[in-house]
Amino acid sequence: MAIVLGHNNYGKAETRVVRVRRDGERHELTDLNVSVALAGNLTESHHSGDNANVLPTDTQKNTVYAFAREFGIDSIEEYGLRLARHFVDTQPSLTRSRVSIEEYSWNRLGPHSFARAGDGVRTATVTYDGDQAWVVSGVTDLVLLNSTDSEFHGFVRDRYTTLAETRDRILATAVTASWRHAGAEGNWTTSYDEAREALVRAFVSTYSLSLQQTLYAMGRAVLYGRPELVEVRLSLPNKHHFLVDLEPFGLDNPGEVFVAADRPYGLIEGTVLRDDAPPPGFAWALDAGREEL
Amino acid sequence: MAIVLGHNNYGKAETRVVRVRRDGERHELTDLNVSVALAGNLTESHHSGDNANVLPTDTQKNTVYAFAREFGIDSIEEYGLRLARHFVDTQPSLTRSRVSIEEYSWNRLGPHSFARAGDGVRTATVTYDGDQAWVVSGVTDLVLLNSTDSEFHGFVRDRYTTLAETRDRILATAVTASWRHAGAEGNWTTSYDEAREALVRAFVSTYSLSLQQTLYAMGRAVLYGRPELVEVRLSLPNKHHFLVDLEPFGLDNPGEVFVAADRPYGLIEGTVLRDDAPPPGFAWALDAGREEL
Amino acid sequence: MAIVLGHNNYGKAETRVVRVRRDGERHELTDLNVSVALAGNLTESHHSGDNANVLPTDTQKNTVYAFAREFGIDSIEEYGLRLARHFVDTQPSLTRSRVSIEEYSWNRLGPHSFARAGDGVRTATVTYDGDQAWVVSGVTDLVLLNSTDSEFHGFVRDRYTTLAETRDRILATAVTASWRHAGAEGNWTTSYDEAREALVRAFVSTYSLSLQQTLYAMGRAVLYGRPELVEVRLSLPNKHHFLVDLEPFGLDNPGEVFVAADRPYGLIEGTVLRDDAPPPGFAWALDAGREEL
Amino acid sequence: MAIVLGHNNYGKAETRVVRVRRDGERHELTDLNVSVALAGNLTESHHSGDNANVLPTDTQKNTVYAFAREFGIDSIEEYGLRLARHFVDTQPSLTRSRVSIEEYSWNRLGPHSFARAGDGVRTATVTYDGDQAWVVSGVTDLVLLNSTDSEFHGFVRDRYTTLAETRDRILATAVTASWRHAGAEGNWTTSYDEAREALVRAFVSTYSLSLQQTLYAMGRAVLYGRPELVEVRLSLPNKHHFLVDLEPFGLDNPGEVFVAADRPYGLIEGTVLRDDAPPPGFAWALDAGREEL
């Protein structure tokens, strides 16, 4: 029996880069949080602390900043692709790279004035293995609520079930969704805007008998609308809103006053994909396949 | 020498109440976080645990829910006034009450569908002493950024000063502002909307030589525009954006690529008021005046 | 009617300084978060952006670091006093300063190895007006729990009261306490250690009929034990633990299984002081007295 | 081309359960955060909202509480195993379950008094597929620091590298570690205590030339010491402490004053395992293997 090193990766996480593009009076603002993870032949750094193959995480941070100036940031997918390719293509010891980016949105107030918008964060994760690149786009922290058109009944009852069936409830969630692109080229921002819009529209228009049903409708709407996308993964916390019992105070409560609960919460997660989707490769995990070792 | 009980208050904090107003198909959503603090003759509860004068915090929570149903929530100021008055007017042992409310805003997506907006939280704090009520309205978590029209120079230099002067920088802040009303009646929501708009407009339109200058302009704009308001208090973190030095990589950086820093940050706080403002009483502090004991 | 500038202050918040004292092999670690607030004649900076009286917050940060090297950090009170005095004594335009410090504690693992301890953060706030200094020490994030010896009954009941009386409950809180020193000299660390110990001992040994009673016992214990202290302020959230109703599952629950709730929570705040305590001056607020303007 | 449902799971997340075991005067306290995820034949719930196969997440929460009373909580691994098995064994539509538990530690202050300890959270994740169970134990939020015996040099330099080599730096991290058990029976608490102790000892005693080297030493130490464990996964943020340049103030800084940075941070992740470790199955992921579809 020997003890060995398995999968490993390292990188600089959460580099906060803000870029101002000045087009005369009118400025454009891009506000990002960039995380890099790199894998390759790093055995000696683990075994003996020999760092001959280690590109410092400080250098990765510098590269994130320098690329923002050298190449601009048209979309986070393109910027991520450039960074991911750079690391593997220039460092012989590296075999795989992953660049994960969050983009915070701002509303325009004037030619060079902005207010941070809090209605969801755009995300992208690009993975590259020296040969192929995978792009996953997405959104997180997008909080949606339907104040009706949601029911929940007909569920399993066992010894521990006390939940009442309901024909009218609030359905609220904080969407985290990621969608995989078939290829590594695209009109990234249009694709993002329309995928996000499809998600939201499906949430709004689905008469829901379960959050699972809403999840599936959301994933399907993205794929129906965007042929360049092949798979959607959704993580939907069920942000419970419980009707308050006002009877002790001589009051009825016809779906009007709710307590918004913090914890616990339901968590519904699911994947919707095309049946001819190409294999995901490393799109979803830098260490994909290792469970089969 | 004796040891005595000084100022004290107690209450239920952070009751999360969501109200749906159903006007046929079209719903209105109100999403609040309500905190209650009560003061009065509570000495025995402290000395001996005799709770004969203690209205339980659980009851306060129930009242928050029940009032949402009985009286609705037209504005957080009015709802807060009703709650603050109720506790003191119905409990002989209580002398002062304070109700602090945060209101989360949602954008409409459909007749009964909403997306949480993250562009600032509306606040109100109502204090009542059995006779007079004070109302303070405000906003928090409103993140604003000007990408130019901000300078900083001409400051004091001492042995520990290394900061370079700048003629062009990013100015960014997360506004927390509170404004005191002259009276306890008003068109609360119009007042809020226009005070908030005045703050934002002043931030956008001020060519800033210091964040203090911007703060003063913001406070003044609120008071100029709204005669019912007499005092504005602002707390403005200076969310530093530092220009990245790209010279080591053979690149210039003409105000384009910045690092958004977390900590430390500047913190600029100030009050702007009318010179004929009535005394604040308990508007800003439930224990006002006790420093003079 | 004119609009005027009221109280204002500014400074650098949350400067994170870590100091290693190397005594041969054995190191000592000090881990702080330092916030500075300064007040004085800053009217012009507000009115016109003339910064001739503004010592940059960047300089304040530098001073925090430099003083850690020049003078060491024996205790946060002494370090805070030195910083607070420095700013006012060297800047003619400044009239008051406040230095607030959090100290994170670490457990020793070896001569130069440490594990962060999460059992409360030591705090100090020093205020100076060019003449007198005030020192407030304290602790925050100290989470305590008694699993019995707590009752709650005999409280007021009104129309909105549904709470059952209880003769045995969990009492849990996250202590934030601050205590004012009579003077500005002392054996700060011994004083802190023993005040903290008195707080904890009082929490543990008080058979509690209300959290108010526990609060008072805690404050009194600090003052009985430490003659150099004159006033204690406590803020105690009542971290509710509700007994779960297991009857639907055919199980009893004799004080055994609880749900730990997040929100809402009770919040009990109170002051305990000596009746001959000197006036607090600016100990508790940099703008003390302004409510009386 | 059709759109299909892929992997999915659902459950109740973050149920906070506190258990008091009363052995006469002396109480034992267990404080947990329990998350359940279930997978099985849930296609109809997604397609049509037919919930005939859905055990409500509310029921899962009830089960968490009821089991704490019925069976007690000897260790989180055993409690997790019982819950994971229960759901799949009693619900014909379910094929896999995962129970993830965080245990917060408390220090004893008296027979029934406790202070929350903040020095790391014990974790366990149990997965069950109706046949086999996998147990992963671990720790998170364990913050460790060596104030010397850490170097970093000999690394790759490219166009974007500006980092200076260092022969003496602070090495600090917040450990998240998980270790897989060979089987599903064991002396769980002894195993945990000794694995944790091995991790800490390895961190303290490793003279580190890279955080990777420390990571590997930590993983190896766990496996050397505990034959029942077969694989360790570590995620180690490099919590940077930068030496402050005090030269502008005429001061040297011989490894004494540091700034503790928030972001960005290095993130070093790696696996250490026995070369004869059994295949992980679903130990690490409820959806293991699906990347190969």
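Going by the order they are written in, the chains are A, B, C and D; count residues from 1 in each one.
Here, a contact is a pair of C-beta atoms (placed from the backbone, for glycine too) under 8 Å apart; a residue touches a chain by one contact, two chains touch by 3 or more.
If you're wondering where the values come from, they're calculated on a predicted model, not measured in any experiment.
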Exercise. Determine which of the two chain pairs, B-D or A-D, is joined by the larger number of C-beta pairs in contact.
Key: A-D
Self-check item: Chain located farthest away, centre of chain A as origin (C-alpha)
Solution: C
Quiz item: chain D and chain C are one sequence twice: same or different residues at the contact, by the over-half rule?
Solution: same
Quiz item: Taking each chain's centre as its mean C-alpha position, how far apart are chain B and chain D in Å?
Solution: 38
Quiz item: Taking each chain's centre as the mean position of its Cα atoms, how many Å separate chain C from chain D?
Solution: 32
Quiz prompt | Between chain A and chain D, centroid-to-centroid distance (C-alpha), Å | solution = 22
Quiz item: Out of chain B, which residues touch more than one other chain, so two or more?
Solution: 15-16, 62, 66, 160, 162, 248-249, 262-263
Exercise. Write out the stretch or stretches of chain C touching chain B in their complex.
Key: 1-16, 35, 37, 42, 45-59, 61-63, 66, 90-91, 93, 151-158, 160-163, 208-213, 215-216, 219-220, 223-224, 231, 237-238, 263-276, 279-281, 284-285, 288-289, 291-293
Quiz item: Within the complex, which stretch of chain D touches chain C?
Solution: 15-22, 27, 29, 31, 62, 65-66, 68-70, 106-107, 109-110, 112-120, 141-149, 170, 200, 203-205, 241, 244, 246, 248-249, 251-262
Quiz item: Which bits of chain C are touching chain A when the two form their complex?
Solution: 159-160, 162, 248-249, 262-263
